[in-house]
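Before anything else, here is the set of structures, which you'll find just below.
In the two complexes below, subunit A is the common chain; its partner is subunit B in one and subunit C in the other.
Then we have the complex of A and B:
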């Protein structure tokens, strides 16, 4: 693995109306971007439970990308603002957990912005690549498998 | 109970198989995901074909499948197809999950190995998720039979008439005092040279007098609530200061009104109108409007000439704006376009050089009901031009302004050239980049113009100037252009220049779109549900678009879209109810602590709080399924169908399954 460039794994959350459509638009237009991102469709960025983000990091993701409609364009009036609030909060919590907050990115993308979304994905992949692997899942496994932890969790 | 899952990976010809090793993905899923319940995994050339669908149905029976995962195109394209296939096969349609390995993998990646690995990961995510899918029934919502049509141009009129003729009620809302739109301003239509007003006004009259159409001119939509089948729309009826029930449209008021104002809308600034006016003689409805901004009574408190002379006492200076609320099941937006502002290209001299006109101004100049009674004359009002230059693509096909082609300007410019020939005998130069005549009878019209002797110069005009270099250029407008067919710079002196300004989205298209819950493309036109196969529907159920709001188009295309949108609406009305995705949130009363955090989060006020029981409850009729409350509930008491926590958390695990393998392998 050391002789190869590190390929980060990124989990992306999209909303059904704008950013998932942007990904479709990128696809239809054959816009190329890095294969490191794996997208999950939600109805709205407001559906994003912070647990999802931490679950992704705990499961082995090196970066998480949250996407949604541009402010003011939300299909559900204003729920992307709630995603924005949670995003800011999550960044703070990540710091407390010892994770570089730069591993979490928020990106607005309208249904027409396939090219822009692809460019932002590429940018984020490079940023996370520069940060290196997170291995939070492995560290976490180690942490819970210490005798002290086992005692607590038993 | 352990689920029995069937996985199907589509080749989509070479669309997917060209970049993803489809066989390897399906084989991998069959082996590696067997412990998750995958009992059968197949790949097939075209899963969406009837044979592909039968494959699923056969397996449902043979293997007793309880879940299906299809790796193919975007769910926005074929989710309905595969859900239906499952339903036909006896499986609840919501137990089928689609994974986009075309739009999100094969079409956007080039490295076959990486693309195949990603496709495996996405399938693993789908498999992990589908286990938690629930059997659901679509929500059935009744459709209100009335329809709202916004915009009274030709597209809106056509749509309204089609629906009204079918026996259903339509509210036709128009911002201006009369319906008719841009088409009412034109003189002739290409390529048949029909008189525009002659073919439009019968339709306007029909719309104005139709028993099933409520015409609301001088009105604007201010608020839209609700959802498909049951929209509640607020419309502001601006004060006309005319009692329409008494007005006969006799015209004495505008005859007697002493105040003249330049008509910037209908006459494109080419003529004056009175402060009380109808925009044009054939206006529908016939009632005038008092323009309060320019009326002497509203400005100075005196005059009231119209009131004095009105034979039926129909003038009412006390009238106020009135807001009415209507309930409709569907909405058609046909709000049209704005003309590109030619002043943005200063080197063409519009607004600075007297004899430079825009296409809309020239339409009025040609029009028998226009400022010159239809004679094509220079700014002095009497001299006929000897040479006329018509510039195509003004503000269109130009990276500095609008990159798109405005579709109608070539044909409109040819029409102008013909009219100039016919009426003045002047020499006409058309300056074009490419000649685009893709319509029935359009190319033939172009040939006719070539035979009439119009000069065609292929090149983008650099400048229009009155700065003469030679005696022949003195007193003329000189068009500087590179004639790309002979490879030379030319200076062509003309008496009159017509700029074929392009079409652009309405200045308020974005705000209006937001009000109706639809989005604009990067150019600003409204986005259709599918650019090829669903051009009049939008992503918002029950909201349709027709005419130039969707993109530049000519009259026949606008009429076709108006009729098309009407057909879609009629189909919905006839069904009487619509099946909606059962994506809804609900609260488990036993788990709800009554903290009320969710209450304030819902933009649709769908969450009620029961003081007596100290729990919140979601009204499923109002819930739109965004899931924000589900994410916010600290007690985990709210669950959302189709996007439950279990589904998404499992999908995350599934997506990372492959990754974990690699990392663990590396660690080991």
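Then we have the complex of A and C:
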């Protein structure tokens, strides 16, 4: 599905020390980024519980973006590497679940990189727009069906 | 003398192991018989669905329901027994969270039927499949229709208590039987609705006697590829994916005690919303690598991540089933 009118919903989990400030910098510098991203501030990317990501997808998000300080710059020493490892394992799970792993993005950004972050956000919005709506069974009971045996063995 | 309270047990999409586990409480089973009138339990007593339908609503005190909801017969029985029972317990991992049958939520139902009726072990040259209904001289026969996905019991009906485990441990079942008997006699109170019963209050790791140091994993391996396995050291530390960190206690860390990894049959520990997510976090935390390529290489040691982190919990997870399974074809 490639619907030009489709506005993807994206949840962004941002680190307080870098990317959240970067987004702020972008805002104050009047650098525009797509309004599709709802930012949620974490104290560090290492706080990213994979539950948040699955909950976002199950709750209607079309894409999830995780941002953290550049490698070596994490305020809690090495927590962003932990985020990286979680991210890679989550992607493997998403593939098996039939969710395009491109719907999950990890982006490093320092507090000064507002312009770059805004550009990455815009790029991601377009990538997710191209993937189309995910619409992960928002009405779970509706999504359950008992197809006829004739139908499924055809 | 007042009539004994009524007891029922039912199996939906299950393996039968939970029934055996109940029978395996040895002489305690006599307490069930002494204190209850067993009105419906297909594995043990002869009663028909229509007998249950004829019962007054709420007339069964306690129903242990095991198995997930995979077809319309399972769903009908779940709704029927909900109506007839005062206390409905999701009994065993299948009813609580889908368990092994829930792993079929990775496949479209058509593939499941093909695999069952037309594989190397099933000679089916004419591709004959069961029909949902067919005519016989006596009339039209129906068989249950499979749903596209398997649902844990509480996604179909309201559940009063959860008793996890594949199957629940006999000593836990015996303790719950004791409690219910006391409640019937007015000597004890029921736990709050929605409680998980017959369990411990922490994780399998907390009960596990194996020694733990700092975990830094540079390779994940299947246990059969580790030789020798240190009998006293944490298995995860030895690179064997062990699900203990996310799993609810209650089994006295049975598997690590027996020399093998926990595969998670007691389901999510208290406060864990998504079992697999918790394990992803736990495994990612112990990997000793910073470069993406190196991390990928280490994770290749877990060739089936969903099967590893959601072995018992896929149907009860946040995502519940794969995109393919939802589509049914």
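Note that the second predicted complex is superposed on the first by the 133 of 154 C-alpha atoms of A that agree within 3 Å, B and C clash if a C-alpha of one lies under 4 Å from a C-alpha of the other, contacts with A are read in each partner's own complex, and residues count from 1 in each chain.
By definition in this document, contacts are C-beta pairs under 8 Å (C-beta built on N, C-alpha and C of every residue); 3 or more make two chains touch, one makes a residue touch a chain.
Keep in mind that this is a model prediction, so the values were computed, not measured.
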| item | value |
| --- | --- |
| Partner chain in contact with A:76 - subunit B first, subunit C second, else both or neither | first |
| Partner chain in contact with A:55 - subunit B first, subunit C second, else both or neither | both |
| Touching partner for A:112 - first (subunit B), second (subunit C), both, neither | first |
| Subunit B versus subunit C as contact partner of A:93, first or second or both or neither | second |
| Touching partner for A:135 - first (subunit B), second (subunit C), both, neither | first |
| Footprint overlap on subunit A, comparing subunit B with subunit C | 49-51, 55, 78, 82, 86, 137 |
| Interfacial residue positions of subunit A with respect to subunit C in the complex | 49-51, 53-55, 57-58, 71, 78, 81-82, 84-86, 88-90, 92-93, 96-99, 136-137, 140-141, 143-154 |
| Subunit B-facing residues of subunit A, complex | 1, 7, 9, 11, 17-18, 20-21, 23-24, 26-28, 30-33, 35, 38-44, 46-52, 55-56, 59-61, 69, 72-73, 75-79, 82, 86, 110-113, 118, 133, 135, 137-138 |
| Sites on subunit C touched by subunit A in the complex | 71-72, 106, 108-110, 113-114, 117, 127, 129-132, 145-149, 151, 155, 273-274, 276-278, 280-281, 283-285, 287, 289-290, 292, 295-296, 299, 304-306, 309, 317-320, 322-324, 326, 328-329 |
| Of subunit B, residues touching subunit A in the complex | 74-76, 100, 102-105, 107-111, 114-115, 117-118, 121-122, 125, 514, 517, 519-522, 527, 539-540, 583, 601, 603-604, 624-628, 630-632, 640, 642-643, 645, 648-649, 651-653, 655-656, 659-660, 663, 666-667 |
